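Notes to accompany the following structure.
Here the chain labels run A, B, C, D, E and F in written order, and each chain numbers its own residues starting at 1.
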Amino acid sequence: MRHNNRQPDQLRDVCFTMGYARHAEGSCLVQFGDTHVLCTASFESKVPPFLKGKGTGWVTAEYGMLPRSTHDRMDREAAKGKQSGRTQEIQRLIGRSLRAIIDTSLMGETQIKLDCDVLQADGGTRTAAITGSYLALHQAVNWAMTNGKLAKNPLREAVAAISCGVVNGTAYLDLDYNEDSTADADANFVMTQSGLLVEVQATAEGSTFDRSKFDALMKLADEGIQQLIAKQQDALLQMKAAA
Amino acid sequence: MRHNNRQPDQLRDVCFTMGYARHAEGSCLVQFGDTHVLCTASFESKVPPFLKGKGTGWVTAEYGMLPRSTHDRMDREAAKGKQSGRTQEIQRLIGRSLRAIIDTSLMGETQIKLDCDVLQADGGTRTAAITGSYLALHQAVNWAMTNGKLAKNPLREAVAAISCGVVNGTAYLDLDYNEDSTADADANFVMTQSGLLVEVQATAEGSTFDRSKFDALMKLADEGIQQLIAKQQDALLQMKAAA
Amino acid sequence: MRHNNRQPDQLRDVCFTMGYARHAEGSCLVQFGDTHVLCTASFESKVPPFLKGKGTGWVTAEYGMLPRSTHDRMDREAAKGKQSGRTQEIQRLIGRSLRAIIDTSLMGETQIKLDCDVLQADGGTRTAAITGSYLALHQAVNWAMTNGKLAKNPLREAVAAISCGVVNGTAYLDLDYNEDSTADADANFVMTQSGLLVEVQATAEGSTFDRSKFDALMKLADEGIQQLIAKQQDALLQMKAAA
Amino acid sequence: MRHNNRQPDQLRDVCFTMGYARHAEGSCLVQFGDTHVLCTASFESKVPPFLKGKGTGWVTAEYGMLPRSTHDRMDREAAKGKQSGRTQEIQRLIGRSLRAIIDTSLMGETQIKLDCDVLQADGGTRTAAITGSYLALHQAVNWAMTNGKLAKNPLREAVAAISCGVVNGTAYLDLDYNEDSTADADANFVMTQSGLLVEVQATAEGSTFDRSKFDALMKLADEGIQQLIAKQQDALLQMKAAA
Amino acid sequence: MRHNNRQPDQLRDVCFTMGYARHAEGSCLVQFGDTHVLCTASFESKVPPFLKGKGTGWVTAEYGMLPRSTHDRMDREAAKGKQSGRTQEIQRLIGRSLRAIIDTSLMGETQIKLDCDVLQADGGTRTAAITGSYLALHQAVNWAMTNGKLAKNPLREAVAAISCGVVNGTAYLDLDYNEDSTADADANFVMTQSGLLVEVQATAEGSTFDRSKFDALMKLADEGIQQLIAKQQDALLQMKAAA
Amino acid sequence: MRHNNRQPDQLRDVCFTMGYARHAEGSCLVQFGDTHVLCTASFESKVPPFLKGKGTGWVTAEYGMLPRSTHDRMDREAAKGKQSGRTQEIQRLIGRSLRAIIDTSLMGETQIKLDCDVLQADGGTRTAAITGSYLALHQAVNWAMTNGKLAKNPLREAVAAISCGVVNGTAYLDLDYNEDSTADADANFVMTQSGLLVEVQATAEGSTFDRSKFDALMKLADEGIQQLIAKQQDALLQMKAAA
């Protein structure tokens, strides 16, 4: 039994609060149990320099943690004057994951920037950020179409992400911090609504794992992500109903 | 009449959510209307180098804004690699304000760090941050006494802060962003429960103001801060009752 | 009696050396006793990016201290790779103070940059810098009008600044370093020739002060600043006479 | 047929030059076709601060590219003043990969730093770097045992890495730059001599891939890595024979 | 006798490998004994901002050392976030030396950037870098003329550089690291094929030297540089023959 | 004839103001015509980390220019966040020059830091800085001996420096900015009271020079430096007389 009384294949309670940030074109506060990430999507009518004049758009992401989102206070990256390697790795992952399900050639020369800020951390912040960012992006795309900034909907399908890992020899879905810090191996999967893979990252810090363990993790992730995508669709329906 | 239908001497709706951040020794989400600031207090059993061996404690603060807390997205300071002059000015002000009401000589060699992160901005973020930080600090001090980290309560009294300004010739309390950006002069006051002054900052960007206007601002602030301090006391009583 | 034999309301010896820096369009070495600040004004026929195309001008300031301007050597900010929060706070104050008395809409798209470099420090460097910068700015404006760079004089009136503080319960004008470091509260006032306020900053590091003390400080400052402005006018007359 | 006349499951010519760097405790110039990476291992009798006093060792890595290792010149990271997100991601991967096959508890408080510098790039620099770093690490471990710096051999087994990807719908092993830049999906696998997984990273920039494609890539990688490990063993035997 | 069995006026074995870097327009791996520097020349059809619109070209250089090119590992400058004063001094010297023998007015608005990266260091890296850079520059100029990027050959003549120094009272040519670190004085000379001086730098760390010693060093350098220039010509002839 | 009416071998008016900076252990404002440099010497009872425990002392230097010391305003290095290559080159040169004439083994574990800040620039700032720094250093050494911080005088002899260059084919001593910017070649020489060489730096930006020109420059420098050293001795005598 897991220390948190969850089944091996059980997600934490997941909650999406759409439109959490008043100023952003799209936003979602995503909660996977005690992991809380505020995702905002900012629409801009210009592209980064490397795309200027190419007639195509861009989606990118930035990630940060509030200093006391963690059990022990972390130094503030703005005060240290640089983002850690971990931060950069995560924000690159979020950006790639979202670019996988949007057709940037339909965006014209516009850009959507996702900001994912961790208000509280308990494991799985990067996968919560991807899952919430899809909703913020969706809302920003709707805003842009309603306001005549985008002619067509460039979104192809939904995307979500989940972590899983091997803890004491058993494969668990959606690790919390306690599980994550004692896992022999952990993995992050990003998949689409239609079940396609976007990113697979499995790592064994100071250790190794065999093929059967990897397959067990992928199976857990596949099922978990389909549940997350169903919850995303619910959140979008409710927002539409409320409008 | 003000554009937001408030009286000249009327505060926005003020709300304190104590214990918002699960991991911090003290925390408070403070809301002054649409200005939302998360204040956390982190207790540490060590002091900065310049105090090592002096037997006294320290209180300090850091401040940040989420990139899309503002109407238009701001660049992320961690990505730019430095904190702006404005950020540094504000965090220095918050730290000084709290050190005014705590007897650091009663803290032993311990430190409390306040992190004030603006989730949403609509004017008055620095004064909301000071007002909420007092509550986070109070909770952290209680935690430290309960856990044997502090022998005596070093807090002398409560502190709160408010902005006010001259808009179209009239003195208004608690400016929102719209008022702040059109003010001829604006001021921030930090005062204690017993009515003493901690900080006075009045400035007229590209303009000037006379002594009578300044006196009107100070009068508004004095009344507003006493209301804020009453609300702080309520929040502390409710938290105690809930414990 | 003050340790320096001054009356509570007595300024230090004040001296302005106009045109100290050969290359600058305006310059003044200002001395408040042992505090010596070199202020230069550099005229540029372009504005910062945020004003491009708006037809209006700008005045801004930078501040620095030579490493051994102080009693103990300070680290060189250029070598450390960043300006301290204190430095940024001061240079923002100087810029705002001068923009209060110049009509930037009369400047066309031109900019005047004030550089205030402390050659020797004995308290009150920021107020000396503001007071001297007005003279450097005045000289640069004259240069620009003489050389056809400005069509009209954009200066509205003179501005000067002084510090004061409460030392052992008594309000003193124009604190030197010794007084400043033992003050219970200290304040900086920036006022114009016509007696209007530009900036008020009063602070009580680790302490508080009451309203009557604040009023006493403001009264001292008001009188001190009028004396400084008279000395500024003398310096300008002498420079004109010498031309 | 591949543009380089290789079979889908065919590695490029692989060459290891052991002891390439005269001063390092271990070194290897690794060549995967036109990708050339110099790997050096530096032995140090101290550990990073977070391990001080814990009686255990550490292995870490840094990665860089010479400015003109690439087709178009890249800016020098030392001149820009920071390492890119990509650089940090790669050096973190190299470090984790090597820590997977070394028992740091047998190292005492010593550290081995791998420096992987790309002299010429034609795709697959990170996997070449891991594969070559194992050899540099092996040589440095031998040096340390011979010189009494390590009592026991902490290496558990060999490790190697390879990239593969889907190009025009076909899975290819060991992509060169031309293939990599047109791949629909690409993956990096790190495995040990005994066939265990250390890291799996599969990504589809702006696209997606299905499970069967992923399985095909893993199969290619498994076979390719066993060939690389055989070549590593040859290189070690030849070095031993030459000694 | 020198510890390396060389005569006082004897160069180390010098070897130039032309075209070492596949992607660069010009490249040379230069070896002065155990000092190995990879020099690449990158041709660009644009000039730095300060030359835009002036119709003239530019040649500049950057220098770096691999972390384990030295006996003890040096920190990586990209990781530290800045180039040392020594690095900047050397790259400025290399750039000036090459600009002395090229007529930038014949280059149109094009630029050639030399990158000099030390793979292995044993003294004299800056002089090896200058000597090798000339060959990389020569090859890049030929490439540019062949490819219609330059209409005329802007090179005036060859340039080379050598170090020399006073060790235990005797003047030696081409110091290795062992000699350099015990020298009383050392000097670097840059001269052209026609015997003209480009740069003279002589320094006595913590010591002094007299005029006769300086003259002895210059004489050694003059002879050494003429030998280097002869070897450069050989390398160019062989490359031409091989084409 | 030179544009400034000086003879080819004629120095500018040279003036040393000893004790210019009130707080420093040694200080000198040095003026070579319109080039004004403030040199301060700060005595510290500790050494940099690389010398800790070695029983020997250190002398080092930092250099800076006020933003408007130059004809056109330069960006402030503290604001840009880094010192230029030129700045670092110059401060390394000043430090080496002074270490040449002080026996650091007689200093115990103490350090003297020279700060050379250019108040006004008209060519030759680095040589003025070295010449003035010797006087500041001398004064600081006296202070340290008087105050029991140094047991023995570690100074061996005086040192001074001068620039010279070839302008329109003629060798001139002590170039001003106008001459320096049109020189075909320019050189800086650092020599001691006894006529020994400390540093020789000759450079021909975009050009070359022959041996006879170099000899002419060295001859001019030799004579000029002996005049400077005589003036240094005068300044020291006057200071002693005044004490």
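Odds and ends about this structure:
In this text, contacts are C-beta pairs under 8 Å (C-beta built on N, C-alpha and C of every residue); 3 or more make two chains touch, one makes a residue touch a chain.
None of these values were measured; they are calculated from a predicted model.
Number of steps on the shortest path from subunit C to subunit E, with steps defined by chain touch: 2. The best fit of Cα atoms from subunit C onto subunit D calls for a rotation angle of 180°, in steps of 5.
Relative to subunit D, the chain whose mean Cα position lies farthest away is C. For subunit F, the chain whose average C-alpha position is most distant is A. Once the centre of each chain is set as its mean CA position, subunit C and subunit F turn out to be 32 Å apart. Chain centres here are Cα means. That of subunit D falls 51 Å from that of subunit F.
Annotation: 59 Å between the Cα-based centres of subunit A and subunit F.
Looking at subunit F, one finds that residues 81-82 touch two or more other chains. The touching chains form a single ring; listed from subunit A in the subunit B direction they are A, B, C, F, E, D.
The part of subunit C that touches subunit F in the complex is made up of residues 21-24, 27, 34, 38, 40, 42, 44, 62, 64, 66-73, 76-79, 81-83, 87, 113, 115, 117, 119-121. Of all residues in subunit D, only 82, 85-86, 88-89, 91-92, 96, 99-101, 104, 187, 192, 195-211, 214, 218 touch subunit A in the complex they form.
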